[in-house]
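Structure record follows, encoded as structure tokens.
All chains are identified by letter, namely A, B, C, D and E, in their written order; residue positions are counted from 1 within each chain.
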């Protein structure tokens, strides 16, 4: 992407998250490797339950207590392994260096505190300043995310705002401390098309301004195609394919990716039938040998059922990886 | 496609009185649907699109007799459905069915699948239990489920399967029209495509008509023959899907389409930026309700006078002062 | 120690105006004309009357007041005017006082400053009871009334007793202070005495154990527990209460036994009544209910202190009423019980009479014993008012525990509980007893009265007209750390009196 | 998914359910409450009603008592154990009948109020307010005075004390349910109100009712005990636990066993019922089930 | 606001009216006051006079109308058991004692139950949680009079720390308040726990953590503020249960409050006082519910914006 090869902003290596429940254990994040550079947007796509949110929350170390834990791997933020930080240090990282925008704008603001209150709380934790200026700074943050009449809105409770506006407030909280990375977990699924478009535009502008990295979790291929530089495709807790948007859309290497893209109806142009993926994703605790996608894959052969494919370099330049036996077979 | 309308909607309006403010002391009126006019013919799919809160669900509920209109009529085979009684009402009930958005909440968790699916049949028609079983099997088969699934409970099924069950229940009474209120929004991409295909197949097989409410414009384009674009309770543009999508007339339709993201990174889109906030249905703007956000605002007339819906071009109609000469 | 605390269960009515209550009263500041001896319970001149006399036929009673008696708070000496004044308010419209009806037809004349005479329409040999017992005439100060009116009484009535009323907390407590140099010479060892109304017996025991109270009244079992824990149990010098179980309804009217279905009382048959009495192990029951040393009572309302007492009945009691289940069963068989009875199950109604928690157990025990000999019973618990309503409405068809406290003069008691003359609803319906009761009303000759009473008691006894239980002394449990002793006769409705005699350690 | 794996999955689910069955409360309920309620006559070592004046106030085994009177005797020499065992029947029937009254009245009113709304709803909610504002204890006293304390009056009071809670809860749920998609679906299918109420709404509030009812066992037993304390419970000599505890309350400091063991029976029963209720609540909570 | 208040007050008044009917009927169906208040050897004239004085000879509806008319003016007649006392005045004079006890009981419930419930939720599944749950269960399984007596023996008699009964100092109120609060603590703790569990799962809690907010602040500021609404809803019921509990506990502790009056009056068939006390209870309940409604609005902006 960029000419000068900088050190990556975030580098995730062999990350494994284990969930233990009464019913058994499983790995919703199973050997993740990916990097995020400055000013770059990484999209994580996959069906529901594939482990996207788990990946995101493990990055900020907010996995559900008791149930989940990081079993191995490292998460390096500018060379610092987040997994080795103490809880207090990690708390400083959260919000100030890595911010997160959660799925549902309706519920991700605390209904009992004013918008200004919630923004300045983040500010006072990471960029403390005199109390008097807090309100001013909160208004500024709102202004940045293009909330109309921020002087007035700052004193509103979340319940008094529309969905789109609430999501922008969440955005304001996220960017208020100028983080290096924003992780956005399906931030627009509950928004209208038009509002979604506005919001995405806003994110893009902010990224251009600050050069932050964005990790975008979604199952909407429209967003991925329009917003992201790189894509990570997840299936059953694993990354089955990763690479740049252009390459993956142009020539998906994994049949799963191919099927997903094919299953999306196109806004322009008509085709006969939509492509479908037969069956359903496996249940988390199901024990599978071989490629987890094999039972649903049209192209699977006996090897697919018996041996788990390693990650292959699809195009030979390290920019497009896929974990499918077909890659080397071709 | 024959051209006999199954349903004719005439000047249909639905207004809600809501109490607002602390302690609900103020009463305001929400005009959820105002002066709607459309028809739906045999084997036809009509889509209602528009922003959240524009009145799509309300409209479908009026058609389903879940609510009574404030004014206007809905004619089924030429007869006002509000005057239907006895067998005629039963006939309407069994010929007009629905599939809702959320596959988790639209099936009673305490009822066996077989009983759930057969309900429209049992309450409207006198059929023997053998016949019921046969029809249940047939319906389940049509949506790709197995006969033995009839004995199971809903919680044993995934979201996609549940939506199939809901569809099975909707087709068991051999309806002519099924109203689909966001039937795929709650589903994963992969399952969504299965269901969309299923709708197409069923339409071909049973000659169904659909009224589809969908957020996703791509799905709409894929399924619908005609589309009606709604804004704050009013239809602002109506016409054949291809015409409307390829050459939108109303500025709102334009903006809406431009905001839709195509799942193709190579496709360049020039988004029409919509300014301003989504207005509250409690305080709709004067004149044309869209004027505060309109990129083709042409002057005072927009903010003072509400435009009427006029036909425009081939089979399209639009409600905008731009086309009012 | 300057303050004595006495905890008792709450009173029926709680007021400074004695005549508006039914007579349950603890009021050491107020005095009546006649007193009771602490040691024997007999009438004495320890209260306001120094002496009294009556005419031949008991229709005129003259009382002489102690010349030196004075009211507290400088309201002056106690004179005839105060007695007349008190008499007027006690017989006024709002008087609810038990037994005061006797006074209503009376005329009172002040003979001089310290002498008054009551003239009665009919002879009343038991007239002193109206001046020394339940529902008696209490002397208030006329001077205070003239100065302050009824409000004065309501706020703080002046009395002539050895204590002075200090104040009350309605429903909670009442406080009195000791009067130095009291006219009677009584001199309590303490400065104050406080009464606390506490309805839970265990709370009262806890107060005693925690040293918060000097003396408390307790039900029998708790008394034992307290004694075991080292506290002192004091009994009144005389019997304070008689207890019994009464058959209700006019079951002894002559036609009752023949036409049982008219009344459908199983106990209309004398053999059943005897069987009921024979089935009970009284010694066992009384031991459980009242503790050792309580004596069985041959006839309810008969008392050695009063005329009509029959030693002979007392001596025969074991023989006639003694525990004999076989005999009981034989009697029942003979009577054809229960087959020949319409109302075979005998209802046992327990009412919640204040201060008598043992009634419930009495009924339970009786039920258990009756069950052994084959008498069917059915327990009902009712509050006093409901039970009483049933009795008053003559709808009574049950057996119920009853008490006579403080013990009334025999002639009064027997009329109330067995004849139609005083409380018609408790009438047995026996013509003979009613006739005797009628005679008693007009008879003034002590010997004849004694004979009539004796005859009545014998008749009640021999016809097994009720289930007599016991004569019970009043008891109070005092803290052995704080109290040395206390003599009281058990002559008031609460059983307690003579507070000036509380002897502290 | 093959048929086999389906079978395996459901077997697993069953096993998981069984494994999480709260065994301890169930065993306690059975031994303390339910079995004695039906078989007291055969289990109890003594007649619970007959006094034995020679064996008054025997302490329990281990405190100087004998095995003959394992848990000691009361003031009249009756065997505490036998009385507790025989009492369980009354406790069981009072709480069950009382709760049933509460359930039937509360559910019916709540169901109709929530579904029909309008004036009937307003009326029911006012009645709920009224019944909550009237302390049950006062009503009990007045009622006992009016119709006499009896099994019936206790059942009425328990029912009265509980119905409002059911009505409120059921109504709240019905309000949600009637807006639910599956009710709308059934309306679209043409179902009558009756069918919707009984076939779709009632089964879905059943859970709540069952859970609430289990949790109310405790309240019912407590209420029964309080009524006995005030002397307006089921009349003696019926040895309801409330009466046993209440009768023995004066002797807590000395002959503690008279009230302790009945109290323990109450404690164990109420605790177990509550634990069972909690467990049921968790089991029946759809949120839990869907995971 | 005014209109809303008016409607709430209106419906409360309706409820009160129905309560007056119930109260009136029940007290008149029950035993005759004649028998409770007149001596057992009362004469016919005494009884007749009594009946006339109290209007007991008039038809029931007439008695009710008279009763209602007077009641509206706060006049419930004079007490029969406490002669000379104005019934409502007598009850009102005891209300502070009950409110004081209730207030302390509520305070204890809150002070114990909230932290307990919060801790149980935060450490869900841990020994803390299990302990709290067990404690809560215990609270709901012990008859309160029994507990009251045990408390008296332990703390007053054996330890000698507190007075056994009666009023006077603050120390007098502690034991009865604990006995009343006991049951509430468990109910409240359980409610708080489940409310907290729900809230702790909410997205905004996650967002607070994502912002880097400390755990303490997350629990006690962000979560509790929202969870508090649920216990608040319970407040109406809490008030009712505390009133009910006070009937028994006031008797055990000889606490001169309304509960004590109620029992004594009903036992003594003191019609006027019984009626006054029940109406007073109902009024307290209605007012506390009204206050809760208003508090709601203060504490929860969600409702304000609905």
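Keep in mind that, in the parts below, contacts are C-beta pairs under 8 Å (C-beta built on N, C-alpha and C of every residue); 3 or more make two chains touch, one makes a residue touch a chain.
All values derive from a computational prediction rather than experimental measurement.
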Given the touch definition stated above, what is the smallest step count connecting subunit C to subunit D?
-> 1
Pair sharing more residue contacts (C-beta pairs) when A-E is set against C-E = C-E
In terms of mean CA position, the chain most removed from subunit B is C
Dist(centroid_CA(subunit C), centroid_CA(subunit E)) in Å evaluates to 39
Between subunit A and subunit B, tell me the centre distance in angstrom, where each centre is the average of that chain's C-alpha atoms.
-> 32
CA centroids of subunit D and subunit E: separation to the nearest Å works out as 22
So, what's the distance in Å between the C-alpha centres of subunit D and subunit B?
-> 49
For subunit B, residues contacting two or more additional chains | none
Where subunit D touches two or more other chains, by residue | 145, 249, 252-253
Given the complex with subunit A, which residues does subunit B contribute to the contact?
-> 51-52, 158, 160, 188-194, 196-197, 200, 215-219, 221-222, 245, 255-267, 269, 271, 273-274, 276-278, 280
In the complex, subunit D residues that touch subunit C = 49-51, 53, 56, 75-76, 144-145, 148-149, 231-232, 235-237, 249-255
Listed in rising order, subunit E residues that touch subunit C in their complex are 30-43, 45-46, 49-50, 80-85, 90, 149, 152-153, 156-157, 160, 163-167, 251-254, 256, 260-261, 263-264, 267-269
Listed in rising order, subunit A residues that touch subunit B in their complex are 47-48, 148, 162-165, 192-198, 200-201, 219-226, 245-246, 249-250, 259-261, 263-268, 270, 273-277, 280-281
Subunit E - residues contacting subunit A, complex | 125, 202-214, 222, 225-226, 299-302, 304-306
